[in-house]
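Per-chain numbering from 1; labels A, B, C and D assigned in written order.
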Amino acid sequence: MTPSPLPHGLWGVLATPFHGPRLEVDIESLQREVDLYLGVPADGLVVLGVFGEGVALDSVEQAAVVSEVAKRAPGTPLVVGVSARTTAVAIEQARTAVAAAGPDLAGVMVQANTADPAVLTRHLTAVHEATGAGVVLQDYPEASGVRITAEQVLEVVTDCPFVVAVKSEAPPTSVAIGRLTARSDVPVFGGLGGVGLLDELAAGAAGAMTGFSHPEGLRAALDAWTRGGYDTARDAFAPWLPLVNFEAQPGIGLSLRKTILRERGVFSEAAVRPPSRTAPQEILGLMPDHLTAARGILASTHPHDERS
Amino acid sequence: MTPSPLPHGLWGVLATPFHGPRLEVDIESLQREVDLYLGVPADGLVVLGVFGEGVALDSVEQAAVVSEVAKRAPGTPLVVGVSARTTAVAIEQARTAVAAAGPDLAGVMVQANTADPAVLTRHLTAVHEATGAGVVLQDYPEASGVRITAEQVLEVVTDCPFVVAVKSEAPPTSVAIGRLTARSDVPVFGGLGGVGLLDELAAGAAGAMTGFSHPEGLRAALDAWTRGGYDTARDAFAPWLPLVNFEAQPGIGLSLRKTILRERGVFSEAAVRPPSRTAPQEILGLMPDHLTAARGILASTHPHDERS
Amino acid sequence: MTPSPLPHGLWGVLATPFHGPRLEVDIESLQREVDLYLGVPADGLVVLGVFGEGVALDSVEQAAVVSEVAKRAPGTPLVVGVSARTTAVAIEQARTAVAAAGPDLAGVMVQANTADPAVLTRHLTAVHEATGAGVVLQDYPEASGVRITAEQVLEVVTDCPFVVAVKSEAPPTSVAIGRLTARSDVPVFGGLGGVGLLDELAAGAAGAMTGFSHPEGLRAALDAWTRGGYDTARDAFAPWLPLVNFEAQPGIGLSLRKTILRERGVFSEAAVRPPSRTAPQEILGLMPDHLTAARGILASTHPHDERS
Amino acid sequence: MTPSPLPHGLWGVLATPFHGPRLEVDIESLQREVDLYLGVPADGLVVLGVFGEGVALDSVEQAAVVSEVAKRAPGTPLVVGVSARTTAVAIEQARTAVAAAGPDLAGVMVQANTADPAVLTRHLTAVHEATGAGVVLQDYPEASGVRITAEQVLEVVTDCPFVVAVKSEAPPTSVAIGRLTARSDVPVFGGLGGVGLLDELAAGAAGAMTGFSHPEGLRAALDAWTRGGYDTARDAFAPWLPLVNFEAQPGIGLSLRKTILRERGVFSEAAVRPPSRTAPQEILGLMPDHLTAARGILASTHPHDERS
């Protein structure tokens, strides 16, 4: 049975919260994060992605995080990230994901680990055949070190009917998304924290698949896009861009995002697991302005809501 | 005589327009670009920077561009970019700059070509001593391939009283700018097309030294910052961020910016000199939405102006 | 109990042989490879290193390879590579290694995953405390993406008495090895296929920890070094350098090495697991000359031996 | 008139000697270096290459070095390196080269500055048309940052009849050289200090175009290759490989080579121009062993010669 393409819309990439001196997975914070996304609401959730620090969780923790999210968000489709870039280990991780996710699994997300379409096709096929899962193909050279063209991705997608989506994170993303969506029906999602979301939508993206401390902003952009196209989406999303750009800073973006989630009362702690970097003290001084601004936007767009 | 630190504010990095099948320097377009910046107004101009394609101009063209800008903008302080990363060639280029710029030269911009403070100090000192010019130290690893810490930059700045400014373009820039401005009085400017301008200002930046197809947006942000601090600057700049992020796309950003300058009637052609990349056709389809939006913002903020 | 420093000499890094259309681990070839190294003899063996494709084996395969080697080479000290660069996963892999290696485990090899000595010390300490194993610290920026100075490595080694060796693979290696051995008693091994072995020994290296299709050459160099110093080692090793350099070619070196091991009758197949690259056909035409030469050297130095 | 292909054989890449506190070009040392190569003899000379620090010489110095070499080696064909990667500046440098080299100019060496064959063809064509000079296309990603396939190089070579040679320095070089020479008659030279020379010859290389402190070793390898093929070349070159590998160390190789040339009495000083790195003191301790060995090889192969 061929897996179904992912539904369009907002796919929230969950950060994995840690707590205590041993940086253990913080299940309660994770639950609050899921609740935040359900309230937005997100159309789907992504766990163990690059910004979910999937690569920093051992196999027991991977299973625990996936199953907790699946339990907390029954009925919400899940994509589970596979951090391995070799076939045998990717299969092992994908099996963990399938077992833990249960019936809501919509796909496993696998990184392009080579620019050779034939080799990549064999890799994805092996993961799919071993698990039955749909595959989200992630093109994220910053994490993978692999540069693959839109034409090569297209060749892979054509040969792999079980690919349920592409996550396109090789800037300039709107070029790649435009080329992919012009010649394929597979849904293509933008990521990268939403830095290029407006252009990605204009280029044909099926939505946003990314993390953000305020997913309400991504939701607002997507809803506005559906409602009124580019101009409407632009008006809805521009106020969020200062914070989007702040969180998109290389190296420290994840730490900043977790800090804001802590300030919002979602996470108990902002810790990242090394070698992910902790944002330096200096930059935290910029946080209050961002938080005040975000509260202002939320208040104006969700007047009856008490979220901060 | 120790050169004076650069005045704070908006330093417009000029793109160099080319025309015709041989991609010759287009002096008339350059004049219109200078006029655009003077009208904004910019507090200073930067010629032959990285986004001015200084590295693609031969010595005659370098002199021609610098002297044309100096002639068109008398009284406006000029910074001239030096693309060479070795001392003898940097001196040669700096001499060309000094001769062509005349009395308005405020400094030559030299890239950090090593992370070793002693070696970098000797390099900058040699350029200064050969020309008498003040030096803007540019930290832009994307162009230079050199990663230097804020502490190392501080060491250089302390040993080089002729450094009149630092251009800080190593993300996360607000961290570096915060560290530099906490321990030095040298003005530090943000660049990178303005992607992080708000945070850079909050971290202590002296202004923006960057190119943008609509420098009016940078001006509005800086004026608002002076007037009302972060919140005011944020309100003024957020509407411009979709376009800022569009132009900041790696590889094709310069081509996009030149295309928009052509659409604004400033440039006759949008050509870049190879190996700079020309933006692919697909992405030009996104241009009209950006232009319409930009016109809308300008109309609302400059109601009596007829610029587009 | 503090683990003992590794004995000096030749540590053979085993390639992992695969066979069949599914590229399964080929235990019989692995046994022959162990026998080759025991015959040389190697002073110790390294399994699951970078060139052992440890990153391409799932946890069951990792355990199977380690236990097979331990069984085949009783009494020979083993180092087991840990491919993960995050703490929790490194601990999980190290536990697998400890359980499978048994009493001959001399250490687990962990890559420098950050240049921050405090963070790296915590990482190594966590792996050691969770397993009791000694740690070989590998500095291999080509694989890890991390650049760490000799001074930073020294700081870590000083704070981690359980570090039993350093594998120094950041060229120029003889500089790093000289700095480390001048200020620490921890044995430091060269790697990189032996390309710089002579200089590394002259700089104070404790031996070679690397793979090579003809470990007899590495053994000859080390024995000659012990016997007569640089000149003697040079005479012994120079004839092997054409092959050493051939196998050190980036991207395809492992495939070449496995092909030669197949030609020697050690491996049944030369396959690598993607995304490791298979050497292109063209280059295989150069193989016969190398094999003939190697046979010639072996014949002249091991006249009564029938190995090819 | 179409320029002639380069003659096969040994093309010596000259290092540029500097002296004094201001690191001025040292003409007398340069003359001795030319004499060394003429005595070897080299079939041609390359000035202002990457290891000639062409990028660190201003235009006056470029002309001075080229004309000095031309004067000292009348009748020896010259290739002059062009460090610029943009067309206008490359033309400016090529004109300097043509004017200074005189009738012995065999070509200007231009780096591949893009992987796009059409763009690269236009670049090379512009340089050729502006100067009439033949072009040596250098594929050296370590210096250029550009990765181009053998197929793309072939396309360029086919479209540019004025390309008189390719310098192939993208490892694995023997693969690229094999592909190029199988489908084109343009001579292809190996470089990279000779690290892969034997394999490059076996793959079809027209010779070596590289620097080495002891070009006698390269000469010996090439003569042996002509005389007896791979085995003979191997016997001649293997003794030199420890020194070849020593000088090929990244970052400090040029400094090491200049130090050895100083020890040989060729250069007065070993200085490099920053940001080229000076080899650290520690490693100089390895120098005497290399020098002793080199003298020994020279004595055994050039018994009546007094060169050291």
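Convention: a residue touches a chain if its C-beta (ideal position, glycine included) is under 8 Å from a C-beta of that chain, and two chains touch if they have at least 3 such contacts.
No experiment lies behind these values; they were computed from the predicted model shown.
**Q** Comparing the two chain pairs, does A-C have more C-beta contacts than A-B, or is it the other way round?
**A** Between the two chain pairs, A-B has more contacting C-beta pairs.
**Q** For subunit A and subunit B, what's the span in angstrom between their mean Cα positions?
**A** Their C-alpha centroids are separated by 34 Å.
**Q** Centre to centre, by mean C-alpha position, how many angstrom separate subunit A and subunit C?
**A** 37
**Q** Do you know which subunit C residues sit against two or more other chains?
**A** none
**Q** Check the chains against each other and report every pair that touches.
**A** A-B, A-C, B-D, C-D
**Q** What residues of subunit C sit close enough to touch subunit D in their complex?
**A** Contacts found on subunit C: 171-172, 174-175, 178-179, 182, 195-196, 198-199, 202-203, 230-231, 234, 237-239, 241-242, 245-246, 249-252, 279-280, 282-283, 285-286, 289, 292-293.
**Q** Residue numbers of subunit C touching subunit A in their complex, please.
**A** 53, 55-59, 61, 84-89, 91-92, 113-114, 119, 122-123, 145-146, 273-275
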